[in-house]
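Letters are used for the chains, namely A, B and C, taken in the order the chains are written, and counting of residues starts over at 1 for each.
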């Protein structure tokens, strides 16, 4: 059963086409890594999945709900899809624990104590329970991104979207974030991950999607993709990453 | 009431209003050029390493900026004759007042402009053997002025609007001329609306110009 | 310079009545503060709403908001004041028009307050808009991604941060509104500028009259500055450096 289905999505900014007829799907429990050179449209594609970026053609279906349909309650859908951003996007004016509870109480309608308990549990899980009362600005980048993951998990999402979660981090902080993601993948979370971290992809990805100039150029099992990529662009891309 | 509006008096009133507008423009231009020159000197004094000069300039700028323009207009109008011993016309008093007042505001803009030029530019100029004055004239000020051109113009639009405050000392500017015309023809409502339209047209055109300029400067950077 | 100093003038009786000049000044200070504060509340409320609407994903709201700002920013405050005082009453329904012109209590105060409030609201709206737009775009996305509606995203994510960003520019607007309230003299509101002119006329003590008003304006502006600095300190977010992303 596919959790996310992207069907022939095209998107234009004015005259410029950023996505051209993109199709793929992510099954329940599957981890899919989307990679490609910068400007290939991968970040735009993942933002189409929860409707943060509108698209002009095609459709995205998440858990049998159409993202493009006019009558779809997007906030309700988004509440069930977790998302982690490149620049963390924690809310700077709220403490860490408030960041984790605000949507639980305001969107899901959970009681404050329940939301707090859930938040603390997740902070503990990402190793940041001691920082609950601090503000985002007082944490390192790696810590902030772990809080952001916990914030998304607090909503009990049916799947998680990661938009270059480690590319804004200093190198020494990348692993603490990847470790959390690996653990999540091993627990069976459905994940769509835009990243350049090929080590992560090798370790946990079931499938890899390679994008270039707004198109899905290659789609293969992780072993096949890293072992013998078929397209020239993918070969060049992998070679460039080795240097 | 709308149906009773009668703008036919605008025609015969125009020559008089034109004279008022000319004075408003003259006041704006004099205060702008004088204000920018004095303001630049004040800004240089403030950023200089001579403590006395920097303190004096700061005191002047901060004092003027903390007082309503209307009060400054009154101060100059009543105090200048006390010093010179002879009464001074409202128009001349306005020219002096606005130049001195605007200098304080322009100096803050120039100071920000000077700070916007990166320090290494000064080092580079010094490394080429330019004297401090040469560096200022050929390297720092040209860059600073380009950066602050939109803000200088915006301040000038504000200045043009503020010239209407010479009303307080009875100088015959655009607003005063319109008011007198309105009284003479017994059509004050129409004249206030007309003068508002003139101010709006001039300021709106200028501020649209500033926006275009801002975009172009942003591209050059 | 031939000037007869008289620092005792404040305690002397005014020639036209049995009050002292000091009483005049105190009541003038009251009017200045009342006009400034009331207008400031109007400016904050209206300016906050208009500024926020100017960032809305709706073309007509943006155009309406822009028109509001351009209209109030491109006509001199004094001209706006005359329009509120002399022109607007002419366009009211007959009954209301007559009441405003003849019977309305504290007419000068209300006219000056509305005029100054709307004038400043345009400037506040401009600050609020640029404050909101200076926030990283990802913040709005993060709010939406968590399932907030657009209204909730503004309420919980965008506006609380925008509010903090606009405090410094709003501080100078608050000080400006006090200085700008001086124009109210032109329609006869007996605030500081009006009274200092009156005092010059009656007592002839130019220097003392102007000095009293000037010092009081400065004190008010300084007080406004301190109030805003207090709010700024209270609203400070730990670890967050304004402007850093």
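Note that in this section a residue touches a chain if its C-beta (ideal position, glycine included) is under 8 Å from a C-beta of that chain, and two chains touch if they have at least 3 such contacts.
Note that the structure is predicted; figures quoted are calculated from it, not measured.
Undergrad: Figure out the least number of contact steps between chain A and chain B, where 1 means they touch directly.
TA: 2
Undergrad: Going by C-alpha centres, which chain is most central here?
TA: Measuring from the global C-alpha mean, the nearest chain centre belongs to C.
Undergrad: Using mean Cα positions as chain centres, tell me which chain lies farthest from chain B.
TA: So the chain farthest away from chain B turns out to be A.
Undergrad: Indicate the whole-number Å distance between the mean C-alpha point of chain A and the mean C-alpha point of chain B.
TA: Result: the chain centres lie 54 Å from each other.
Undergrad: Quick check: how many Å separate the C-alpha centres of chain A and chain C?
TA: So the centre of chain A lies 47 Å away from the centre of chain C.
Undergrad: Rounded to a whole Å, what is the gap between the Cα centroids of chain B and chain C?
TA: 21
Undergrad: Would you give the residues of chain C that are in contact with at least 2 other chains, written as numbers and ranges?
TA: Counting only residues that touch two or more other chains, chain C contributes none.
Undergrad: Enumerate the contact residues on chain B facing chain C in the complex.
TA: Chain B reaches chain C through residues 1-2, 66-71, 74-75, 78-79, 82-83, 85, 157, 161-162, 164-165, 167-168, 175, 179, 188-189, 192-193, 195-196, 199-200, 203-204, 207.
Undergrad: Touching residues of chain A toward chain C in the complex: what are they?
TA: Those in contact with chain C are residues 47, 50, 52, 74-81, 83, 85-87, 89-93, 102-103, 106-108, 134-139, 151-152, 155.
Undergrad: Which residues of chain C touch chain A once you look at their complex with the stated criterion?
TA: Going by the criterion above, the answer is residues 136, 138-139, 141-149, 152, 156-157, 160-161, 164, 237-241, 245.
Undergrad: Enumerate the contact residues on chain C facing chain B in the complex.
TA: 1-3, 70-71, 73-80, 82-83, 86-87, 90-91, 97, 175, 178-183, 185-186, 193, 196-197, 200, 206-207, 210, 213-214, 217-218, 221-222
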